[in-house]
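In the two complexes below, chain A is the common chain; its partner is chain B in one and chain C in the other.
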Partner chain A sequence: MNWFIKRTGQAIFTLWAVATLSFGLIRLMPGGAADIMASRLQQQAQGSNIPREQLREMVASQLNVDPDAPIHEAYYQYMSALVQGDFGNSIRYGGQEVNAIIADTLPWTLFLMSLSTLGMFAIALSLGAIMAYKEGSTFDLANTGVGILLSSIPYYVAAVVFIAFLGYRTPLFPVRGRYPSGVDPGFTVEFIGGAFHHAMLPALSFIVTGYGLLALTMRGNSIQVLGEDYVRVARLRGLPDRRIALRYVGRNAVLPLYTSLLISIGFMFGGSIILEILFQYRGIGFEMNEGIIYRDMPLMMGTFLVITFGVVIALWIGDATYGKLDPRIKSGDDSEAY
Partner chain B sequence: MSMHESTTDRDLYQTADPIVEIRDAEVVFEMDRGVSRVLESADLDIERNEILGIVGESGSGKSMLASAMLDAVVEPGILSGQITYHPDERESVDVLELDDRELKKLRWEDISMVFQGAMSSFNPTMNVGGHFTETLDAHNYDVEAGMNRARELLSDLYLEPERVLEAYPHELSGGMKQRALIALSVVLEPDVLVMDEPTAALDLLMQRSILSLLEKLKEKYDLTLVFITHDLPLVAELADRMAVMYAFQLVEIGPTEEILEHAAHPYTRALLNATPNLDAPLSEMRPIDGSAPDPVDVPAGCSYHPRCPLADDTCVATDPDYHGVSESHGVACHHWAHAAEEIPFNVDAAEATTGGNQR
Partner chain C sequence: MTVKPTDDDAVKPTDGGSSSVDGSRTDGGQMFSQAEITEVTRTQRYQEWFAESIAEPFRIAWSDWRTKVGLLIIAGFLLMGLVAWISSSTWFVLERIVLVDSPIANQGSPRLQPLEDMSHPLGTDMNGRDLISGVVHATPTMIQMILAGAVFAIVVAVIVGTVAGYKGGTTETVLMTASDVAMTIPGLPLVIVLVVLIEPQSPWLIGIIITINVWAGIARTIHSQVLSLRENSYVEASRTMGIGTPTIIQKDILPNLMPYVLVNFVYASRRVIYDSVALYFLGFLSFRGVENWGVMMHLAYANASALLNPEATYMLIVPMLPIVVLSFGLMLFAQGTDRLFSPRVRTRNEGKSNTDETDEPDPMTGV
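The block that comes next holds the complex of A and B.
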């Protein structure tokens, strides 16, 4: 319990630190964000001079940072806006609320990530287990080689290759967008099928370059567990093979991979930026890039904070639940999930 | 001796009412550098309701002999020979001829085993109780009645049943795990319990207390115990009969007292001499000169001859047969009759033997 409180405290601290840091960036950046925003608003006004007071208010409402307020007051305003989930308004999208943009794009990123993670783990775990059972066979050796080879390819290179070959040369999959144009979002076969179809190449880029190491880890774990005394004793006790495979070998070999799962979530959140740009996939990473290109500070900060938030929450959940899966960690101050 | 060698030969390892008969059991491993014979033509009877101690150095083949009784030799070892199980009220069973389903039944229901390494015999991600229920379940036993039996067994072993059943393996101490494992191995009410170094990882005090618990358990549940160890003093206190293994062969078999007082094999005598006192911890034991042979390259003739002070040309040339020292005491040595004078027990050992018997 102590440990749980400590972990939660750490998570909250991380979130607070990131938020504060982003406040500092906006406020203190030389030629700061506020100035950029002000000059940009000035430009948009096209010549007609906006009074300084009005300009200040506009900047304040959009950035959640009032450039003229004393720092502690500005910080308070900014933080309380964040706590209420108000990230300000986007410049890139003509003053649209950043919240709305995030609400529109985050689910797509999560969808893509879940698809990649599930696919990757399903393939890696079953493959690794089969390789372990057939240790030393041609199947095992070939897969080990292929796994290592594919793992050495960066996911964005794989993405480009997929776009070239599966997107253009043999157009099996669409290479851009989230769902087919002309299909209305809803619970229809066209929409859901289309969404999966569009997510296929980005997800494959992660899966193909990521499953290898995971499968090898699973293989190693399984081989180790297969050699454990408790597996031998379980066989002698006459337990059904199925139970031994799942409850004994499977569970004990998979548990250490839980950490990999958490790490891969963090990795994918980061990787989603590049991948979403490559596939013109309007997820949160894509919008973050838009924010950067258009110097759209609220959009950039909003997406950045949400991504950070996502990673921190994922790690926190992982940490809090690991003890449920592995009884040895239950009370553990001594050992952690990573 | 030699005139009725074949007859005495038979009698020596036979007992009146055997529950398990092992005949000519062999285990071989095919290895890159040759065939490794880790159990060589073992003949042994296990008498109903006795405690049999099998003693040998590590790597002498004693674990193989244990696994052989359940046809549980690990891959890629190949077991041959004949192993017959004589249940109380059923037909005798040829263990090596059983199909998978019958073998599954034999193991744990009739002949059960506690392995070396109790510390890792439980699944770390399952509580101890789970091991009991799944075992009962897999053998189609009534789980509720079985769990009541398990609770009784645990309290017979001085454990708190509820606490232990709910605990995960890592929450138990070594001695508790060992006792829980013993309870698990007899929960299906087997006739024979084979234990391979069951106390190796425990401290001296825990070893003693487990031994006395085992004796009680044996009486209460009518068990036949086979106790395999490298620790001669330990087994001397417990066993009715002893079998000594050297270099993958059984070299001497006999009642414990007789072996302690009149050991006829030079190796057994050396082993006894290496034990300063039966109560001494293992670390104080003096090693026997020379080293145990390599299973791929066992010396010709008597495999003990490189280390044996009595060895002569006969020993190098021919493998000794069994000779009867007394009706129930057999030894595989050409010069057994001279062993006692050539290798006298040192003072400590003499004290130790009498000390051991007076207990």
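The block that comes next holds the complex of A and C.
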């Protein structure tokens, strides 16, 4: 329990650190978000000079950061707005609340990520286990080679190849959008099937380029566990192979991969920006790019914060549940956690 | 051969020693007249150091096919960088030598397919820039980015990891909390925001921005490694003898961390390649010429619609090849070096004890 409290404290500290960092990027940096925002508003006015006071108010109301107030006051304002869940208003979407945009797009990113993570781990774990059982065979060697080769392809390169060859040349999968146009969102076969169909290529880009290293790690872990004494004892006791494979080898080999799972969540959340741009998939990363293109600082900083918060919270949940999987963690030896 | 005595040699050169008249040594001088045994010249020392720290690990690495192929690919890439550097150098001797032309518009007729015109074997882009020129001339800046990024990440990680691990106490808590926080922040979104706000031009700066929080994960690994290393008896021996912390870290701890440093250097390099190309490809970084493979991809994607148009797909594929090949080389190298992790090999490379024959380092001679 002590460990849990410590970990929770750390998560909250991280959230605070990220929020402070983002304030620094907006307010303290010369040419930072506040300056970009002011010059953009000035441009929008086209010739007619906006008085400095009015400009300041506009920036303050949209970014929650007052460029002229003393730093501690501006900081307090920004933080209290964040705590209330207010990320300001977007310029790109005509003053719409950044909150509403995030609420509309975040579920899609989460959907894409869960699909990729599930697919990747399902393939990597089973393949790694089979490779370990057939250690040294042609199957093992071939898969090791293919795994290394595929994991040296960046996911966005895979995405580009998929779009060109599976999207345009042989149109098997749609290459843009979240669901088929003309289908109303709801619990219908068309909508859900269409959503999966649209998510297939982005998810495959992650899976194909990511499973290799994971499978190799699983293979290594399984080989190590297979050599343990308790596995030999279990065999000598005449336990059925199935039970040994699942309960004795599988469990212990998968455990260290839990850390990989947590790391891959952070990696995918980040990588989703690139894939969502390439597939024009309106998730949270896509909106972050819109914020960047239109120099829409509230949208950019808001999506950045939500992505970061999402990863911090996901890692916190992951670490908190790790104790359920590995009882050793509760003994307070926290060096085991990573 | 001139024999130079080194500072820590207890025995003086004995050419004249046996004939000297002071009676402190009667026959001992004769015994040590064969100077090679006791006197280690600086050259010999460097030779020994070279054999232990470079030649031996290299031989072990070379015996594995993965590291062999990986090293060859990395060497080829460095060679490509050298070719580009020589070709674009304006230094007086090198100015005349142009091995590969710089990529400029209208080098050839635009949109040449690969193998269509053998003076441009991989074809040209929509402005008539030769694609080989583009690929080759993007290499030096890529090397700069990798060096800046990977060195930055490794140096910070090693300092944070070893100091936290060895000192312990409050230092450890503060440093490790900082790494945990930095590690939880997803890298790419932070990098994109920083790049958009800072608009960096220099490849060195871009490299450092990309690895802005990569050090954290490596520092964690090194920290946990140091925690187990500091309990070793030879470290304890050094401590008992009153040797200072910086010396212990430098002489007893760091040599053992080299495999981790090497492997993580490779992974950090791969990260720099992936992310820098992605940043250019998606247009987050501004560019003037075709200074990165990502720029070539961006131009093919945005200006030649290479995805839709089968006639233009090669413009996207060609710059993708060096990325994949290079990261394949790095991956193979990293996968192969796990041999260097094996304790037997490491004992040999311990470097501190000169006893090559014994397998275990002697704690007494080890210091």
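To be clear about the criterion, the second predicted complex is superposed on the first by the 306 of 338 C-alpha atoms of A that agree within 3 Å, B and C clash if a C-alpha of one lies under 4 Å from a C-alpha of the other, contacts with A are read in each partner's own complex, and residues count from 1 in each chain.
The rule is short, and it goes like this: contacts are C-beta pairs under 8 Å (C-beta built on N, C-alpha and C of every residue); 3 or more make two chains touch, one makes a residue touch a chain.
Since this is a predicted model, take the numbers as computed values, not measurements.
*Asks:* Quick check on the superposition: with chain A as the shared anchor, is it clash or fit for chain B versus chain C?
*Replies:* On the superposed model, which is not a single observed complex, chain B and chain C fit side by side.
*Asks:* With both complexes overlaid on chain A, does A:Gly238 touch chain B (first), chain C (second), both or neither?
*Replies:* first
*Asks:* Based on the superposed arrangement, let me know which partner A:Tyr168 touches: chain B (first), chain C (second), both, or neither?
*Replies:* second
*Asks:* If we overlay the two complexes on their shared chain A, which of chain B and chain C does A:Ala60 touch? Say first, second, both or neither.
*Replies:* In the superposed model, A:Ala60 contacts neither chain B nor chain C.
*Asks:* State whether chain B or chain C is in contact with more residues of chain A in the superposed arrangement.
*Replies:* C
*Asks:* Between chain B and chain C, what opening angle does the Cα centre of chain A see in the overlaid model, nearest 10 degrees?
*Replies:* Superposed on A, the angle at chain A reads 70 degrees.
*Asks:* Using the touch definition from the top, say if A:Tyr248 reaches chain B (first), chain C (second), both or neither.
*Replies:* first
*Asks:* Return first, second, both or neither, reflecting whether A:Asp229 touches chain B, chain C, both chains, or no partner chain.
*Replies:* first
*Asks:* Quick one: is A:Pro154 in contact with chain B, with chain C, with both, or with neither? Answer first, second, both or neither.
*Replies:* Second partner only.
*Asks:* According to the stated criteria, A:Ile274 is in contact with first (chain B), second (chain C), both, or neither; which is it?
*Replies:* second
*Asks:* Between chain B and chain C, what is the shortest CA distance in the superposition, whole Å?
*Replies:* Shortest inter-chain C-alpha distance (chain B to chain C): 19 Å.
*Asks:* How about chain A: which of its residues touch chain C in the complex?
*Replies:* Interface residues on the chain A side: 10-11, 13-14, 17-18, 25, 29, 31-33, 36, 148-149, 151-154, 156-157, 160, 163-164, 167-169, 216, 263, 266-267, 269-271, 273-274, 277, 285, 288-289, 292, 300-301, 304, 307-308, 311-312, 315, 335, 338.
*Asks:* Looking at the complex, which residues from chain C come into contact with chain A?
*Replies:* Residues 177, 180-181, 184-190, 192-194, 196-199, 217, 220, 224, 227, 270, 274, 277-278, 281-282, 284, 297, 301, 306-308, 310, 313, 316, 320, 323-324, 327-328, 330-332, 335.
*Asks:* Within the complex, which stretch of chain B touches chain A?
*Replies:* 70, 72, 74, 104-105, 107-108, 113, 115, 117, 120-127, 131, 134-135, 138-139, 168, 170, 184
*Asks:* Can you check the complex and tell me which residues of chain A touch chain B?
*Replies:* 228-230, 232-234, 236-240, 243, 247-248, 251-252, 255, 325-328, 330
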